[in-house]
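Below you'll find the structure, written out as structure tokens, and then a few comments.
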Amino acid sequence: MTKVSIIGATGYAGQELVRLLCGHPKVEIKGLGTQNYKGQPFSDVYPNFRGIVDLPCQGADDPQLIAESDVIFLAMPHGQSVSLAQTAVEQGKKVIGLGADFRLRDPKVYEEWYQTKAAPAEQLAKAVYGLPEVNRQVISQCSLLANPGCYPTTVILALGPLLKEKAIDPAWLIIDSKSGVSGAGRGTTLTTHYCEVNEDFKAYGVPRHRHTPEIEQELSKLAGQEVQVSFTPHLIPATRGMLSTIYTVPLAGINAGKIAEIYQAYYGKEPFIRLLPVGEVPHTKWVSGTNYCDLAYSLDPRTGRLTIFSAIDNLVKGAAGQAVQNMNIMLGLEETLGLPRVAIYP
Amino acid sequence: MTKVSIIGATGYAGQELVRLLCGHPKVEIKGLGTQNYKGQPFSDVYPNFRGIVDLPCQGADDPQLIAESDVIFLAMPHGQSVSLAQTAVEQGKKVIGLGADFRLRDPKVYEEWYQTKAAPAEQLAKAVYGLPEVNRQVISQCSLLANPGCYPTTVILALGPLLKEKAIDPAWLIIDSKSGVSGAGRGTTLTTHYCEVNEDFKAYGVPRHRHTPEIEQELSKLAGQEVQVSFTPHLIPATRGMLSTIYTVPLAGINAGKIAEIYQAYYGKEPFIRLLPVGEVPHTKWVSGTNYCDLAYSLDPRTGRLTIFSAIDNLVKGAAGQAVQNMNIMLGLEETLGLPRVAIYP
Amino acid sequence: MTKVSIIGATGYAGQELVRLLCGHPKVEIKGLGTQNYKGQPFSDVYPNFRGIVDLPCQGADDPQLIAESDVIFLAMPHGQSVSLAQTAVEQGKKVIGLGADFRLRDPKVYEEWYQTKAAPAEQLAKAVYGLPEVNRQVISQCSLLANPGCYPTTVILALGPLLKEKAIDPAWLIIDSKSGVSGAGRGTTLTTHYCEVNEDFKAYGVPRHRHTPEIEQELSKLAGQEVQVSFTPHLIPATRGMLSTIYTVPLAGINAGKIAEIYQAYYGKEPFIRLLPVGEVPHTKWVSGTNYCDLAYSLDPRTGRLTIFSAIDNLVKGAAGQAVQNMNIMLGLEETLGLPRVAIYP
Amino acid sequence: MTKVSIIGATGYAGQELVRLLCGHPKVEIKGLGTQNYKGQPFSDVYPNFRGIVDLPCQGADDPQLIAESDVIFLAMPHGQSVSLAQTAVEQGKKVIGLGADFRLRDPKVYEEWYQTKAAPAEQLAKAVYGLPEVNRQVISQCSLLANPGCYPTTVILALGPLLKEKAIDPAWLIIDSKSGVSGAGRGTTLTTHYCEVNEDFKAYGVPRHRHTPEIEQELSKLAGQEVQVSFTPHLIPATRGMLSTIYTVPLAGINAGKIAEIYQAYYGKEPFIRLLPVGEVPHTKWVSGTNYCDLAYSLDPRTGRLTIFSAIDNLVKGAAGQAVQNMNIMLGLEETLGLPRVAIYP
């Protein structure tokens, strides 16, 4: 059994890690680090875990968390993972960061979009961007993993193969994304107040949401050229679920058959990507609680434009589930271990 | 007091007309026509009206409905308004159709998109497309009014002035719309089952939603050239509310100031359009229950693209409220009469 | 036009007062007092009011709020209204307190349940409990009005007539109440976080919710004897709406006809109480946004027990609407002025 | 591997069985019987199962369903299981009925409350009421199991031990229950239309909900005397979750300690019952997707009354999960096999 600690265990992504890892057959949860609940049983903070994970929380800075585990998950607000990651890597541990700290290669870009100091260059140089469907090989050998953001996961999975195969125009990438509220975390803000969200719908972060440079960095790498996107996130009055609707233009000679072929080639054997039959569109509910990304597209014969739909559960494939998938790869385990496949429905 | 009848009064748009008209100071509701509730008090079908509108429903084809009223609202499923409208116009009544029957000028286009027989050409020729902010003058003189669809209302109000003023590229109009469930009507279908909608989000009608030709017809007229759009509607897990997020490209020489100026010129005095301050985006909740359309835009300096946000209550400005606004204009009344302005919040 | 100020205008009850009063034909809103938004336009805090109430907020302690108005609404957290009320009454103003400060006659009971110092005895002596259907006469002559709590409103309206007419056993009053989230206010707490409320249901305040002594005080007065209740509130995953399901036992000789007769005698002419037909039960949605209380009951022939259902909109009849109804009475206006009757549906 | 068939697999309870059974380590799903989807892959009807359960549905009356399986789950509307159960039992299969057909001992009671013909007396005589915490022993030996209704499960688990130990007054059992919408099934009715349920709350089935006689039958057996209850169900605007709030009176000499002791004695070792610490109340969200029943109580020192709270997921412990638990017992497997324990949160 591999020993794991989760630092930042009482945020929504953290507790989702606990849910997945406490059912993982090859893992033992050794420690749960938190900022506010030191000494309290985890099941006091999340009573759905009563009788299942009653482990007392430790302080986020408790050195035992790192010392006694083999894999350290860091699910802290950005800016708070850098020194913890440093310590853990120095002790030879595997580190999986769920925050933004290690995702952007260029510290200047990070500092511009996040308005905080970036991680040291040598740390960034070591970190691997953990989207298994794109760079599984590198992930398997890394010890510092930057788990992707939720929006970037939907977008890169949708556009990556088409950009890499030069099937679409990289100058026309318009991304209209929608996310459930849990993506905003458990912090108590007016924006997440039930009465403000329920029966409402709105965009936010216009026009500079922080996931934009992450999307552009990864798409540029795949396209082999600088790529800019228009990215607008919206808030769905729902707890979970994320859907990106992406508008682009196929390059000359690319028809629906070719697009199907490309997706099939890239994802036909992926355990967590489902290519929907022609004519269907993904529902967020179909992937809720699971690690799936459901993909579909529609090539409009009238306008010649291509619309791609990409749905995930923002807390699973968009955070904790993908982190566990990455851990499985890093540890040489079967990639699907401990990851739920059937969405709870309805 | 003007006498009005509502045929199709027990659908969601119909009952919203009843709500607005029973509080209208210059109107008396004379008759309520329905297909399924003949003889039952209206307040049995919608008990929120108990003690307020207890009028018994009549059959939709009851000739008294037309004979005894001055204004006839037709809130029937498409295809069922043609002969009723004919009869009413012949009797010299004002007719306001909330369905799609009279919106499209070209019967061939109607038949292609709706798969039903179009209204007779002479009837279509008489019908006026009732978007007051665009063609108030013609509305004031017509006797057969085609009340706009909900999605087209959000889109035409957002794009009309910019296309007319040649401020944006008509070749790049990408419309990502989101609607509450009430737009689907009161019919009992799996698509509107609580458990299927709640905690879900999805697109639908891809890529051929019926509001597409209506949007294109009106935008083409305003642009002075044929315009094609990419239009993708989505379903919000909420009862009311509609938001369109529209992506386009400003033409050379058009900056944010110019766009503000255009909107100000067109809408600065409109009673039901609110131009939000720079940096804000509309929330559907801010217009819920009211006849407002809230508009905002963001010109991204990085990409040069323009994103426009347009929010309405799909049952009010998107249906019944706009119909009452049109009635006020047609009757020479103050345009805002009987139309609620303060959204219920939260 | 009567001049009114609302102190505590940016809480949910406060802004609901603004909604109702800005549409009231005999009232002019003169000032809006707040604790946190001094100097900001009210429509910045609640953008649904943009273009309608753009008045800048004043500090809650701004003496102009009281000096320049005839009626002062105090919608502050409990404990903060006492000296404001004092000042206003001394200046000869009409004061309507929406908080709990003046509801309980006995300062000791107040202090036991609220754990704060009670208002001075002479102030409590002047205050009138403002449930119009019970004590309209006294309300019309008072200058310090204690607006009832939301739960007590549902319960006293349901049980008052039956207790007064000795129709039910005062030893068996079991009240199972359910409230929408807006009753908890706009404060940002974990309890009102969207993700914690959505898809959840639970009781709270067990077994000592603060509305218990208020219910018992008023029921005892009506019953002419000391009455104790079992009261358990629950949280509905909805923004608005309150339903109390009340279980009791008819006294000997009381049958369904007699109960109908009593309700009819007390409420047959009440403008804001609707007695539902036998066999129907109230839906919170039927009264949403209105000042109605919908009442129904069921006498079970099997068990002999009586179940009463009482539904209101917690922010209207349960707070702001009832306050306006009281203001109308205190000012000698028509009691229904400015109070919406048709619930927005669906 | 035990072979199982689910007849009525495309209702909500049926598909929940599929979810649980397709992850069960000792079971193989052999057939899925449906009334309306014959020949279609199950994952067409529930696309969350795409790639997981793509088995084509069979007609509900396909004899292979019974012939080729060892355990037959009948998740049909009541009245349609009788002859299927007959056939299956005759072939020596284990039958688990999720409908009401075999729950009531007395055919007259069944016919009075369900207004349909009861199952034959000899079938009823064989059927065992499957609440494992009450009669595990009998379940382990039966071949025709009547899986309990959702409401009765919450109530019998809450009251059973107290009635059996003569700790409460059987004359005072008042049950106020609340259920999520999924309990109403996937049928398309106005009652389950999103717009009618969302932001609404109401009672239903007053005063004769069909679960009443089932509750009374089982409580009477446990109490050793005839017991009558007041039972009022309500609809929560949520998909899943059920909470019963139960009001009763302790008998002389019974204090909180004694109640705790009784619950501990009966449930301390039960794998699917969690006794919450004093002062906590169950949230439906804490058990969502799991087979737990969370129990708490509050003895009010003021009134002397006892309030008990009992929460389950209506589709799991209230239907499919309990059915699987029963199957495990009937097959001599570990009772918790295949039953999820961690609720998805938030």
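Each chain gets a letter, A, B, C and D, in the order it is written, and its residues are counted from 1.
The working rule: contacts are C-beta pairs under 8 Å (C-beta built on N, C-alpha and C of every residue); 3 or more make two chains touch, one makes a residue touch a chain.
Everything numeric in this text was worked out from a predicted model, so none of it was measured.
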item: Longest centre-to-centre distance from subunit D, chain (CA-based); value: B
item: Intercentroid distance (Cα basis), subunit B paired with subunit A, Å; value: 39
item: Inter-centroid spacing, subunit D versus subunit B (mean Cα positions, whole Å); value: 46
item: Subunit A-subunit D separation of Cα centroids, rounded to whole Å; value: 37
item: Set of subunit C residues in contact with two or more other chains; value: 12, 182, 186, 195-196, 198-199, 237-240, 283, 285, 288, 346
item: Chain contact topology (line, ring, star, complete or other); value: complete
item: Residues of subunit D touching subunit C in the complex; value: 174, 176, 178, 180, 195-196, 198-204, 206-207, 228-230, 232, 234, 236-241, 243, 245, 247, 281-285, 288, 298, 300, 302-303, 305, 307, 309, 311, 346
item: Subunit C to subunit A touching residues, read off their complex; value: 12, 181-182, 186, 188-190, 192-199, 237-239
item: Subunit C-touching residues of subunit B, taken from the complex the two chains share; value: 12, 15, 19, 22-23, 46-52, 182, 186, 198-199, 239-240, 274, 276, 280, 283, 285-290, 294, 341-346
